[in-house]
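Okay, so chain A shows up in both of these, paired with chain B first and chain C after.
And now, the complex of A and B:
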C-alpha cells in the first residue's frame, strides 16, 4: 500500500429523529500520502467532520459506517472491532477538536489530560511523558511551558487550549493528525499564532494531517491538497494552488466568490447633508457592583462615543471580549449603561429599556448572533414574526397574517415556511426569520450582533446581500457588530475599531488598507488571505503583538 | 483557594441557621393553630373547667404565643429543650433514645442503598439502551410509583405472615444477637431502600448520561480510552455535583419522612414520637423534633453543596 490513508467508497448512514435512515457520506474515496496535509472543506452539514472522524473508526451516536474501506496505515478501521480501534486511537491517529475549551475535562489538570494517551496505551512512564509534554508545549510556543500543565483548563486562554489540544494529540507520536476546525473559535490575531505553531510542528515531524475547515483562506495556509465536500460527496479535489486559481466545480467557485464580497458602493455623496439618527456620548457600561463614583467594577465598555447617520451603517469590529456586544446591549437598553448619553432621533433615551416608550423600543431593534437561541423553539415561524406585529402595531389576526407573508417575502423566504418550527429550518433560514422579526417592528435602526458569524461563507454573503437590498427599500440604518473584517467592509460606511472596551479608531472602508492606530494595523493584517504564501511571508511587529495579542 | 472554600462554607452555615429559625417559627405557630387544647387533652373529658383553667395557668399556656416561643428559644441556648407537656419528662430524655434508633435505621439504610443505587445508576448509564438499562429503569420507576405502605404491608404479609421468617414488629430492645438484629432491621431497611433508591438511581443515571455526551468524553474516546475509563475518570467527576445532591435529598427523607415505616413496623424512632406529640399538642416535643428534622436536612444539603464545590476546580 503506497498511501498512509486510502478510503474507498465510504458510506455513512445516520438515523433521523423520525427513524429514517439517511446517507450522510455517499461513497467518498480519499488518499493521503505520508506527511501530506489534506483539507476537507465545505459548509456545515456537508459531512466533513463525519468523514474526518471515520478515519478513526468513530461515528457519532446515531451514525454508522455502512459500507466501504477506511485503510489507515494498512489497517481497515471499518472492519476492526471497537477494542482494536481503541488501540490505534491516540497512537496511530490523533484528533484535535473544534472547541478545545469544551474538549478538556474541567475537573482534571491539563498535564494529566495531555499525557493520558501515554497512560492508556502504556507508551512510557509518566515522568518521561511529562518531559515530552513540556517539550511539545515549548515547540508549540506556549507561554511558561514548564508550569502550564499544572493548571486547570479554565485557567488558560482559548488560543492556548487549542495548542494544548495539539500537544495532547502529538504526544503519542501519531502518523496522522485530524484537525477539526481548530481555529474557528479563535480571534484572528490568536489564530495566526496557532496556525504557525501547528504548521511548524507538523512539518518538523513529517506528520500527515487532515484539516477540516470552512475557511478557504485558513486552509490555503496549511494544506497541500484540498478536497471540497458538499452533501456528503466529493465535489472537487486538487492541490491548494489548483483549487484557488482554477476551481472547476461551480460550488467551489461559489465558495471562492463568497470569500471576496463586493465592496459597498459609496453612497456618501448621494446626499451630503445627512442627519444623525443615533448619537452616543461617553457611554460606559460593565458588570459587577457599582463603585462609589457610579461606575461598574469591570468596565466592558469605557466612554465610547459614536454617531450613526440616517440611512448609513456603522460597523463595530474587535476581537472577543473587547466589549462590542455589551455596547450593543447598552444601546438597546438590555444592559443599562452606567454613564453616557444616548440620543436617538433627536430625543434622549433612558438607559434601561424598561423605561423607554414603546415607540422608542419599536424604532430600534436588535438581532442576535444565534438564531437558534433567539427563536422560541416551541412556536411556528408565523407566531414568532406575528408577535411584534401584535405588540407594537396592534394588528388583528387577518392583518397580521398578511403582514407575515409580506415580511417572509422581504427576507426572501417562501411563504410555506410560516408553518414550520425553527428546528425545521436551516441556519441561514433561521437567521432570516430572526431578521424578519426585527423588521416586523418597522424600525429605523437595527443592531446586528454578529448575525453572520454562525453561518457558512456562502450563506453569510447571501444574508449580507439581503441586508443591503432591504436598506435600499426601507431606508434602514444598521449598527453591524462583527469580528470579521470582510463582512463589515462589505456593508458599512464607517468602521469603528474597539479594543479593551474603548474606541480605538474610526475609519471608512476604503482606508482599511492603511489604518493609523497600531491595534487596527495588527488586527487588519491578521485577516488571512487566500494567498498560500501569506502566513509564511507575514511579518508582524513583535512589539505590537506583545502589546495587543492575547496569548 | 482554601479561604474561598471556608468563606463559602461559613456563608452556607449562616444561611442554614436563618433557615432553621424560620422553620422553628413556622412550626411553632402552625402547632399553636391546631384545634384542641393541651390542658383539656391532658385532663381528659371528665375534667372540670376550673381544673383545666388551673392547668393552663400553671403551664403558662395563657401567655402570648410569641412569649412562649422566645422562652423556648432562650432555653435552647442553654441546651435545654424544655419539658414535655404530656408526661413532665425533659424533652431531651424523651428524644435521646429515639434519636439513636432513627439514626441506626437511617445509617444501615444509607450503607445499603447508596452504594446499590450508585452502582445501578452508573452501570445503567454505561450500558444505556441495553436490556439491563431498561430493566433498571422500569424497576426504579415501578418502585417510585408504589407507595411505601404498600411495600411495607406486602413485605409483612410475605415474610412475617406466610413465610414466618421475620418478626412483623421491630422491637429493638429485644435484640440480643446479630441474627436478631438482622431479623429486626431487615424489613424496615428493605422498605426504606426501595423508597429512596429509585430517586438516586434515576438521578445518577441522568447525570452520568449527560456528561457522557460532552465533547471531553468524546475526546477521551478518541484518545483510545476504554468505556470504564471514560465513565470513571471523565464523566463521573463532573457528574458528582448533581449526584451528591440527589443522594442528600433522598437521605434527608430518612430523618423526617419515615413515619409510615416506623408506624407499620412499630419501630421506636423519632418520627413516630413527633406524631404522638402532635396528638397530645405537646409543643416543646414537636418543636424539638422539627428542629432535629430541619437540622438533619440542612446538614445533608450543606454537605452535598460542599462536596459539589470541592469536586469542581472552577469553584475551588
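And now, the complex of A and C:
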C-alpha cells in the first residue's frame, strides 16, 4: 500500500432521539501520503470533526461507522476491536483537541500529562520520556523548556497550552497527528507562534497530519492539500495552491469570497459635519474593591475617550483581555464605570443601567457574542422578539405579531421560524434573531460585542452585509467590537485599537495598511493572508513581539 | 443508543416515554382517584366494628381482613389514602411554591437579601426534621392544618436551596443581562426568564419532596403524633396494627405496601418522565 491513510467510501450514521438514522458522512474517500498535511475545511456541521475522529476508529456517542474502510498504516481502524484501537491511539495516531484548556487535567503537572502516553503504552522509561518531552518543548519554541513541565495548566497561557497539547500528541512518535481546530480559540498574535511551531515540528519529523479548521487562511499556511467538506460529502479536493487560485466548486468559491469582504464605500458626506451621538470622556472601569481614590483595583478599561457620530460606525479591535468587552459593558451600564462621562444624544448617562431612563435604555441596545446564551432557550422566537415591543412600545397582541413578521423579514429570516425555539435554529439564524430583538427596541445605537466570532466565515460575512443594509435603512450607528480586523474593516468608519485597557490608536480603514502605533503594526501584520507563503515569509520585529506578544 | 433501549421507549405527541414510567403514573393515578372518591367506594364506614375477631384474615366481604378492633381494613386503607395523599400534596405544594419563589428572588436580587435568606434557611435546615415535627406537634397539638404547615416549613429550606442553585446558573446567562438592561422588573425576570428554564428539575424535585413528606408524615403518625383516631392515615394504620405482626395479619402489611407503592411509583415516574424529542427535521 502506498499511502499512510486510505479511507474508502466511509459512511457514518447517527441516531436521533426519534430513532431516525441520519447520515453524517456520506461516502467519503481520502488519501494521505507519508508526511503530508491534509486540511479538512468546511462550515460547522459539515462533518469535518466526525471524519477526523473516525481516522482513530472513534465515533462520538450516538454515532457509528456504518460502512467503508479506514486504513491507517495498513490496519483497518473500522474493523479493529476497541482494545486494538486503544493500542494504536497515541502511538500511531495522535489527537490535538480544539480547546487545550479543557483537555488538560488542572490537578496534575504538565509534564505528568505529557509523558502519560509513554507510561500507558510502556514506550520508554519515565526518565527518557521527560528528556524527550523537553526536546519537544524546545522544538515547539516554548519558553523555558527545561522547567515548563513542572507547572500546572493554569500557569501557562492559552497559546502555550495548545503547543503543550501538541507535545503530548507527538511524544509517542505518531505517524499521523489530527489537529482539531487548534488555533480557533487563540488571538491572531498568538496563533502565529502556534502555527509556526506546529509547522516546523511536523516538517522536521516527517509526520503526516490532518488539520481541521474553518479558517481558509490558517489552513493555507500549514496544509499541503485541502479537502472541502459540506453536508458530509467532499466538495472539492486539491493542493493548497489549486484550491486557493482555481477553485472549481461554487461552495469553495463562496468560502474564498467570504474571506475578502467588500470594503465599505466611503460615505459621500464624509467631510460634512456630523453630530456626535455618543461621546465618552476618560472612562475607567474595572474589577475588585475600590481603592481610596475611587478607582477599582484592576483597571480593565483605563481612561478611554471616544466619539461615535450619528449614522457612523466605530470599530474597537484588540486581543482577548484588552478590555474591549468591559468597555462595551460599561457603555451599556451592565458594568458601571468607576470614572468617566458618557454623553448619549446630548444627555449625560448614569453609569449604572438601573438608573437610566427607559428611553435611554431603549435607544442603546447591546448584542452579545454567543446567541446561544443570549436567547432564552425556553421561549419561541416570536416571544423573544415581541418582548421589547410590549415593554418599550406597549403594542397590543396583533400589532406585536405584525411587527415580529416585519422584523424577521428585516433580518432575512422566514416568517415560519417564529414558532421555533432557539435550539432549533442554526448559529447564523440565532445571531439574526439576537439582532432582531435589538432592532425591536428602535435603537439609535447598537453595541455589537464580537457578534460574528462564533460564526463560520460565510455566515459571518452574510451577517455583516445585513448589518450594513440595515444601517442604510434605519440610520443606525454601531459600535463594533471584534478581534477580527477584516470584519471591522468591512463595516466601520473609524477603528480604535485597544491594548491593555488603553486606547492605542484611532485610524480610518483606508489607513489600516499603515498604522503608526507599534502595537497596531504587530496586530495588523499578524492577520493571516490567503497566500500559502505568507507564514514562511513573515518577518516580525522581534522587539515588538517581545513587548506586546504573549509568548 | 442501543437497539434495546430504543425498543423500550415509545413515542407519542412528540414525546418519548417508557413503560416503567407509564406503570408508575398509573399507580399514582389510581391512588389519586381513590383519595378523591374514597367515601363513595368504601364497603363499610371506617369506625364500624364488622368482624367478631381482631386481626382477621383476608376473606370474602373483608378483602383485606380486619384491624385490631375488628374494623374493615379495606375501608380504612382507602380512606387513609385521602389523608396521606391530601396532606402531603398540600404540604409539598406550599413548600415548593414558597421555596422556589424565594430561591429565584434571592438568585436574581443577590446582595444582602440573598445572604440573609440563605443563612436563615440554612439554619432552619440544620434542625432535624422529625425532631422539629415532634416539638411543634407537642406544643400546639395535632390537627390537619398544623400538620400541613409543619411539614411545609420543614421542607421549604431544601426547595429554596435547590431552586436557588438552579436559578444562579441561569442568572449568569446573557439573556438575563439583556432583560436587565432592557429595564425589566424582578417579577418578570423570575417568572418569564428563569422559571421556564428550571421548571423541569423543579417538578422532579417536587415529586421527590412529596415522597419525603409522605414518609415523614407516616413516621409522625407511627409515633402517634400525626392524625388522631378515629381518623387514620397509612402511617397511623401501621402503628395501630403493629400488634398484628406476630400473627402475620394483613392489617399491618397492607398499609405498609400502600406507602411503598406510592413512594416508589413517584420515584420511578420522576426517573422516567417523558422526554421531548429534539429532532429538527422529523
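Here is the rule we use: the second predicted complex is superposed on the first by the 548 of 551 C-alpha atoms of A that agree within 3 Å, B and C clash if a C-alpha of one lies under 4 Å from a C-alpha of the other, contacts with A are read in each partner's own complex, and residues count from 1 in each chain.
The rule we apply is simple: a contact is a pair of C-beta atoms (placed from the backbone, for glycine too) under 8 Å apart; a residue touches a chain by one contact, two chains touch by 3 or more.
None of the values given here were measured: they were computed from a predicted structure.
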Touching partner for A:20 - first (chain B), second (chain C), both, neither: second
Touched partner set for A:375, first chain B, second chain C, both or neither: second
First, second, both or neither for A:88, with chain B first and chain C second: first
Touched partner set for A:534, first chain B, second chain C, both or neither: neither
Chain C-facing residues of chain A, complex: 15-20, 62, 332-334, 353-354, 356, 358, 361, 366, 368, 370, 373-379, 387-388, 391-392, 423-424, 437, 441
Chain B partner contacts - residues on chain A that touch it in the complex: 53, 56, 58, 60-61, 86-91, 94-95, 97, 99, 102-108, 116-117, 120-121, 152, 154, 168
Contact footprint of chain A on chain C as seen in their complex: 1, 6, 11, 16, 173-175, 177-184, 192-193, 196-197, 199, 275, 277-280, 282
Residues on chain B engaged by chain A in the complex (per definition of touch): 213-216, 218-226, 229, 233-234, 237-238, 311-314
